[in-house]
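Following: one structure in structure tokens, then a few remarks.
Chain naming follows the written order as A, B, C and D, and within any one chain the residues start at number 1.
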Amino acid sequence: MSGPLRVTIWNEYVHERTSQAVGKIYPEGMHAVLAEALARLLGERVRLRVATLDQPQCGLSEEVLNQTDVMTWWGHASHERVEDEVVDRLQRRVLDGMGLIVLHSAHNSRIFRRLMGTTCMLRWREAAERERVWIVDPGHPIVQGIDEECFEIEHSEMYGEHFDIPQPDELFAISWFEGGEVFRSGCTWRRGKGKVVYFSPGHETFPIYHHPQVQRIIANAVQWAAPSGSLYLGQGRNIPQPLSPISCEHVVDENLHRAK
Amino acid sequence: MSGPLRVTIWNEYVHERTSQAVGKIYPEGMHAVLAEALARLLGERVRLRVATLDQPQCGLSEEVLNQTDVMTWWGHASHERVEDEVVDRLQRRVLDGMGLIVLHSAHNSRIFRRLMGTTCMLRWREAAERERVWIVDPGHPIVQGIDEECFEIEHSEMYGEHFDIPQPDELFAISWFEGGEVFRSGCTWRRGKGKVVYFSPGHETFPIYHHPQVQRIIANAVQWAAPSGSLYLGQGRNIPQPLSPISCEHVVDENLHRAK
Amino acid sequence: MSGPLRVTIWNEYVHERTSQAVGKIYPEGMHAVLAEALARLLGERVRLRVATLDQPQCGLSEEVLNQTDVMTWWGHASHERVEDEVVDRLQRRVLDGMGLIVLHSAHNSRIFRRLMGTTCMLRWREAAERERVWIVDPGHPIVQGIDEECFEIEHSEMYGEHFDIPQPDELFAISWFEGGEVFRSGCTWRRGKGKVVYFSPGHETFPIYHHPQVQRIIANAVQWAAPSGSLYLGQGRNIPQPLSPISCEHVVDENLHRAK
Amino acid sequence: MSGPLRVTIWNEYVHERTSQAVGKIYPEGMHAVLAEALARLLGERVRLRVATLDQPQCGLSEEVLNQTDVMTWWGHASHERVEDEVVDRLQRRVLDGMGLIVLHSAHNSRIFRRLMGTTCMLRWREAAERERVWIVDPGHPIVQGIDEECFEIEHSEMYGEHFDIPQPDELFAISWFEGGEVFRSGCTWRRGKGKVVYFSPGHETFPIYHHPQVQRIIANAVQWAAPSGSLYLGQGRNIPQPLSPISCEHVVDENLHRAK
């Protein structure tokens, strides 16, 4: 791929406008903080765009999706307001190669549940407790540049097991919470030609998206999830002519075919 | 678990009644051949039930599902006639522990696509060609009793790659086709507490479900997919009280909570 | 498989005889406590045998191995006293189908490192701290009968990440430690026809093998790791005759073959 | 990582000098053909070096390894001539992050068997038959630029299942052979911080390393296996001080510690 990676930062953008406390941490929305971080860390390697729930088609028209290589997704209060048509379109685009970075409470977004096939539910507690994010796959590109075996988030919302997801293809982080829980906080999966990342730190009432290591991991995830692979676009289809000669007598009765 | 495994054999049961050729191979439906095989191979270890598309609620009421430990699923012509409500119910039941054995053209069934999150599409050709099913995981319980490294199906429908599925948790068989294709023909995944198996041999116009090794693998799959595991039923939920004392100062502002 | 599962409980059996404190907890050796637990929980489903380091060939002659379906392994002080020949024999037997349950400090045993290909090292601290074992795969047969989402070990040795293992095929438990670490405490892998389980709780200076849920998981692991699968024993070999006719012109020059 | 990727092409370099037929295809050794291909395809992104069996320490001194980011490995006739010390060093270097691309008959090399923990054996036949390499993971970076769902090698040595390897973390290619076999021909694993790729096409008596798509996949594999990840180098070690206060009463008896 040549040219910068085209990244769309999708944000529900509800809490920032309805809660004074959240608005104080993210006055221009969480997307603005993420956009600033990605621009600073990735520079000319990315071209950024923002889309939000209140735009027509959630800001996710066919055209926008076709021009997006990787999307980050934050939602919480209004998952169900993303309509079927948009979810269908997102799923098709991921299967066709778009990377998707699912953040925090978006574990319960419609697109993540659609791609996983499970409830994606978990336990939670909002007690401003200490979280330690342990790197359990130190060779993974997504933790490039993290120079400690764990990093700490002083005040975090607890997300705990059991987290009802298909076993991740790769598990790069597990979080420890002061109150007694653990959580698979950094996971990847492949769906079709697309790469999917889930990364849990990021509650709206704490300034977690200002945290340098959280920003670093999200920036790495964006790069890791860039489309790559075969030019061939797989499509189910009938292949009437065998590539090799078929030597066994052909018993297929044309009537059978018509019966289908 | 005590008592016999409660198995429901689900069959669309369309081709057998609309095509004379298929009806000749499966005069009482494919489900009857599968039921006979499971009864013969598993004896008192199973209690069998049959359900078909033309029954009310596709034969899959809440009550039937609650009394099913493992379900086998065959469909082809009428996937879309299984309504949303039934698919939702099936998905919940799998996540809660029911095993699901997806057969042949049911790769395109709504419940399989729902659990996988991908298109589940593939290439195919109906040329009665030779298929060799190679065992690539000889220690897997599902191939218990198969005493050769491969077995042959003389006339088969070709199913070929690329098969758009999430990488299987376990791949136990790969098929070779005379006409030049390969296919991941035996796969397992876990979803929630449920075990899912896909096994591709089984075209309606060939007597594949009469094949002894195909029957053996399906019988093994039924046993392997039996519910097991923790008695605990995971549910997303708020856990307000930490299990351990939280020593950091609590900064949570009640206003924040109300904002959510 | 008919007849009881033949289980060999291997114990280094050093600490129990050199440390008074350990001897008080396990007066007849850890193997005796494990044997009692397996006998009580599995009854006639198993036939138990014990082997220890100080026996000739570590108690692991060809004959003993051939009569073992599943082995549990505990070692700590004397890993290097298990000779090459015994490690080679163990590896061959696992690849041929024997289950292996690797306990606690045996993460550093020669046979486990041999099967994993990595250092298998981790962080540790002996501070009698609280451990919580969280079940992260509630549908796995190994956690059958555990009826809570986690269980607690009041005084445990901390084992922490990064744990240098190949990503487990299945991860069924993650431990939380009071002092701030997490650990992948319940893992499975497949090697050849054999099933391998690692389960970390079990320090010699705490009575952890008396803990009912620890015993339950080890008993389940023994059953899960029982040999199963194809009767066929794979062996690399030359297959001079193709199963299918080869239609392309044969260009193989006999001189080439002789050159090898 | 800045600067070009430092790639070492290791070749046993025996057949090319002992067989006239092989010498005709690879007059300057297979490494020369691979070096030319990597230089042409990757240009300034790589700095290449060659090492062969007949050099002191197999050309793989500590210094050479420390200056190697990714190594390709071809061997067949003389696997056992690579000494323990070199295999140990290679293993440590892979665990510390070096990528390793294992080619064709190197499935039986000491370093590959060491990293896998299995026999790595397979079936084979040298009958110059047709091989089709099917891409089964079209989104994988290693198949970047392959624009068909499969490509063909006119005359190939058959490598067939069962291939005794741990299930690959990712399976990107499956080969079909005219004579009736299938093979998992493109696989990846992670070991420590290192990435390992196995790619089977490449027999010495056929000009397979001249094949453009084979070259493309090897060049992609070299890039994919480049070291990345955390700066932190995990090492097993004792962590006497907990990061968090431990509130339970400390029962640890100093005598216990001394007993270890």
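Everything below uses one rule, namely that a contact is a pair of C-beta atoms (placed from the backbone, for glycine too) under 8 Å apart; a residue touches a chain by one contact, two chains touch by 3 or more.
Note that the coordinates shown come from a computational prediction; the quantities given were computed from them, not determined experimentally.
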Co-neighbours of subunit A and subunit D resolve to B, C
Between subunit A and subunit C, the fewest touch steps amount to 1
Name the chain pair with more contacting C-beta pairs, choosing from A-B and B-D. A-B
If I list every residue number at the interface of subunit C and subunit D, are over half of them used by both copies, so same, or under half, so different? same
Approximate Å spacing (C-alpha centroids) for the pair subunit B, subunit C: 30
Distance between chain centroids, defined by C-alpha means - subunit A, subunit B (Å): 27
Separation of the C-alpha centres, subunit B versus subunit D, in whole Å, is 35
Residues of subunit B whose C-beta touches two or more other chains: 130, 132, 135, 137-138, 149, 160, 162, 167, 169-170, 178, 180-181, 190, 192, 232, 234, 243-244, 247
Considering only the defined contacts, which subunit A positions touch subunit D in the complex? 97, 130, 132, 135, 137-141, 143-149, 169-170, 178, 190, 192-195, 227-234, 243-244
Within the complex, subunit D is touched by subunit C residues 15, 18-22, 76-77, 91, 95, 108, 114-119, 121-130, 154-155, 158, 160, 162, 164, 166-167, 169, 178-181, 189-192, 205, 232, 234-244, 246-248, 250-253, 255-257, 259-260
Touch list for subunit D against partner subunit B, complex: 132, 134-138, 149-150, 160-163, 167, 170-171, 174-177, 180-182, 184, 244-245, 247
